[in-house]
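The structure under discussion is supplied below as structure tokens; questions concerning it will follow.
Letters are used for the chains, namely A, B, C and D, taken in the order the chains are written, and counting of residues starts over at 1 for each.
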């Protein structure tokens, strides 16, 4: 079996008396979608923050492509190939969709201290960015400021930015949130393809999408992983049913 | 330096700190609740001093003047809040800095227009004249002790207000979530006006108390404004506890720096030269302290660390 | 008199420049009329306009502007007055740092400047200029007088001043004539408002007297706090902290304090009596030392105008240099560096008809010259 | 969107031409003062254009840019003073009155000072950033005020205006044209920065710094570079300002000056290419004419400023050209 892309071991994080992350260990294998589910307040976002580098864990390790991530900040981890999307969209609001993606392309090219040559005449930025917008279905909205995009479009743009980084792994925090059923279906299909480019650690509330996409699922409750396994195993795990799925299943 | 002198200088530092606290408490309260930077806070201090001086001269009583200073500063604060400040809560800090910078110009020239260009007279009340003995053979001025007392009383009062009263509850709620308290049915507009007036009254009180020690004149609020900002930034913006701690730190560091730096340098330099260099360093000292603190704790000593 | 106060409009200044011979003499007055230091500038302006007014001279036009006590602002106004208003003479600046900013460039543009108050040492010595006349004093004069006077009674004086050039000049001036010991020498911060720490140092120093130079609000604060501290060591200083504009704000704390100046309300000469009476009548307040110096400046200009036209710079300078006017200070003459030779008096703060004011108690120097005249190669 | 863009271009061209035409005409009509006034506008616009890089593009509200304005001024003043007295300036080097050398010294000095100030200040954000930049400026202000070597509070006169090869700088018009050229160069640089990759990262960091770090760009580095460039441009303006006034003093370093630079930008329009120029024109003319009309001019200046902040968001150019758009 291949080496895991991302290895999280015994991660712990407390806020005062609250244990937000309590001994979490997760592996993300090449080509897979690993879904992270759990009720509100289970600590999913805190976990994503620790992996992406915006929150420092109290204990435990995170290795990505064999490299210890401790001491690397958000930007450094992103350059290493860890792309994340945000639970509530986080975009440069005044920039158009195109310029948001171009920023990611430019970051990937590692050339952000260039002070000459207008970006809007720079084909090496515009062309890849347009291609990605085409891929996520936003080409027609390329010149609309992010602030004026619809909610669904912003989620698409989030994905587009992550794609532009050509990452080695995706951290997607509730990409379906607030999408209509139609949009969710399209995005589900899209993510299904995406796993072949890089594995995905997916936090998601939409159970249909999770069960359709995930190769493996980990269930997080009160900061602890109470179960981890294939879709079938999780569906049938009595503890999960009791603690979380309850009525829904 | 003898022990008595050292105690006296520490008290002087404490008194300066307490004064700064009265200014800083209002500033930090207004920032904490409404998220507003108010550069015109020094103008409210000036309003307090002018009101006290004028009323005391007319009635012959410092105490009536003191009451007038509270009323005048609170009223000026409320008027400014309703006419100008209210429109700034949703704006970024830049707009707030500018609008309140403009208010300083308006207040200063307006005051000069009404009260003339010459400094006014205000003396300490007879009741508080004289000095009390200190341990070690020194003595300390009663009025300055009284200022320290007022500062401590205000600190306790603010603590009780915020932790024990309904108004305080609303203030705390406002700090955490504006929409929530609006949903609770609290009239948020009135609450903000009250908080702003309260901050203004504290500034006015400081102005009146200091007016008896200093010169009551246009522009008197600006140096103390900058110091008050240094205080709340050191303490952590929005934290009353931070303001108290920061104020006393600034007061003591500034006073002791002025006294000790020239003396320390006189061990190496001729006295005239030591005075000059020491004075130059002392005037920069609190800014150096502030920069150091922020370099290591970017949100101040008691601020919420991001 | 056609006095256009604060003319700033191009139209107004153009309208008077067409006539060739009957052209009035234009005097540019840059002074501080707004902000915390405006009391001094207002006294300056009021006395100056009053003197021109009372002279009945119809051919003098004033252009008055506010410098807000900012050097850059003063420079800009000076440029405007010279380049746009075409003033013949300039005056009005209260503060040394503003004078240092304005005077060199004004005199270099061949306009005559008469100082009604500030007298920085640089402009009295090496940088003296034929177009620069100081009608007030050289900055060190008052302090020198106090040093001289202190020799009579005191052996161990504590001295303090703000940490800026005028403060250093002050203490240097005092020490130039003072022969006793120094109990201490402190430079305070510019704009400082609390002197508790300094007063504590004075108390513990064993001084027999205190000399301080703290102009404006600083002096008011110091005197009040000094009196409140209960310290009874005698205080003395230059007149700036005991002048008529600040005495009401200092209050009884100032009573009995000796201070040095070249003028006092009770100086016994005709010109002075007329001045005090005219000023009090017009403005309902007693004049300050700044008002007296401005009054003299105006009268000096008027006296020179009777002998020469400012168009003939050489002749007009000579006429100014004669100082042929009745000074409210009594004897007045210009030294080689165009700075005054005059008496410096010691005054005492007294209460008269319920109002605080000064009276002369001694003469520290007769026909005093400043210490920089020999550095002036003019 | 196209229409507002075109309107802004027309407005910018008008402002640029007006600022050039008025002094040319005034000089021809023998009114040198209006050349001086235009020079003052030009230099203040240059200083504000420098600040606009940090403030407008980067969203960094520096309340301490007077520090760089004053340092630039002191670079000119100190070198001129040494040259005047024929003393060596630094490490035994001869001083000079040549403007290009002085400008270089001013720019490099400001860059070197801005680097540590920026590195410390940028650890903070929001109000803390505003106040820590103010604190650094106050430190330098008090230092200049009380340090005796270069005049302290009295400042330092420049007895003869510094020189520029081939230009008679003592005459108002040639000096104005030099300043005007410097302003146009700075605006060209601002334009080029704004549209560059660096500008994209900087503006994105202002809008959403979390987003910028998530794509792998460290906002701190981008902001620090912007802060340093910004300080250098403002420093150049300071050197010119000292030559204009033939004088430099600590008041160039005071917090009022920092406030005024911000005012210029907001009056004109934040982040806009010609915002600082429009703002400087409006401010200097207001100051000049109000000052001529009434001694209470500061009161009215305050009221006008208040009106602009409360009711005319986007400043002068915002009113003329509508809301700013980014590609």
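Basically, a residue touches a chain if its C-beta (ideal position, glycine included) is under 8 Å from a C-beta of that chain, and two chains touch if they have at least 3 such contacts.
Since the model is a prediction, treat every value here as computed from it, not as a measurement.
Student: In how few steps can one go from chain C to chain D if every step must land on a touching chain?
Tutor: Minimal hop count between chain C and chain D: 1.
Student: Among the other chains, which touch chain A and chain B together?
Tutor: Shared contacts of chain A and chain B: D.
Student: Farthest from chain A by Cα centre, which chain is it? Let me know.
Tutor: C
Student: Could you tell me the distance, in whole angstrom, between the mean C-alpha positions of chain A and chain C?
Tutor: Their C-alpha centroids are separated by 74 Å.
Student: List the centre-to-centre spacing of chain B and chain C in whole Å, with centres computed as mean CA coordinates.
Tutor: Taking the average C-alpha coordinate of chain B and of chain C, the gap between them is 35 Å.
Student: Quick check: how many Å separate the C-alpha centres of chain A and chain D?
Tutor: It comes to 43 Å between the two C-alpha centres.
Student: Quick one: report the Å distance separating chain B from chain D, using the average Cα coordinate of each chain.
Tutor: That pair's centroid distance is 32 Å.
Student: Which positions in chain D are in touch with at least two other chains?
Tutor: In chain D, residues 142, 145-146, 148, 296, 298 touch at least two other chains, as defined above.
Student: Give the residues of chain B that touch two or more other chains, as numbers and ranges in rising order.
Tutor: Counting only residues that touch two or more other chains, chain B contributes 108-109, 276, 279-280, 283.
Student: Considering chain C alone, which of its residues make contact with at least two other chains?
Tutor: Counting only residues that touch two or more other chains, chain C contributes 33-35, 163, 168, 187, 189-190.
Student: For this structure, enumerate the chain pairs that meet the touch criterion.
Tutor: A-D, B-C, B-D, C-D
Student: Which residues, counting only chain B, touch chain C once they are in their complex?
Tutor: So the residues of chain B in touch with chain C come to 1-2, 5, 8-9, 12-13, 15-16, 108-109, 112, 117-121, 123-124, 129-131, 139, 141, 143-144, 210, 212-220, 223-224, 255, 258-259, 262, 271-272, 275-276, 278-280, 282-283.
Student: Please output the residues of chain C touching chain D within their complex, sorted ascending.
Tutor: Those residues of chain C that touch chain D are 6-10, 33-35, 65-66, 68, 70-73, 75-77, 79-80, 82-84, 96-97, 100-101, 104-105, 108, 120, 122, 163-166, 168, 187, 189-190.
Student: Which part of chain B faces chain D closely enough to touch in the complex?
Tutor: So the residues of chain B touching chain D come out as 31, 37, 84, 87-88, 93-95, 97-99, 101-106, 108-110, 113, 226, 229-230, 233, 237, 276, 279-280, 283-284, 287-288, 290-291, 294-295, 298-300, 303, 306.
Student: Could you please specify the touching residues of chain D with respect to chain B in the complex?
Tutor: 55, 61, 63, 120-121, 123-128, 130-132, 134-136, 138-139, 142-143, 145-148, 255, 259, 262-263, 266, 270, 296, 298-299, 301-303, 305-306, 309-310, 313
Student: Would you tell me which residues of chain D are touching chain C in their complex?
Tutor: 31-34, 36-37, 40, 142, 145-146, 148, 151-155, 157, 159, 172, 241, 245-247, 249, 251-252, 256, 287-289, 291-298
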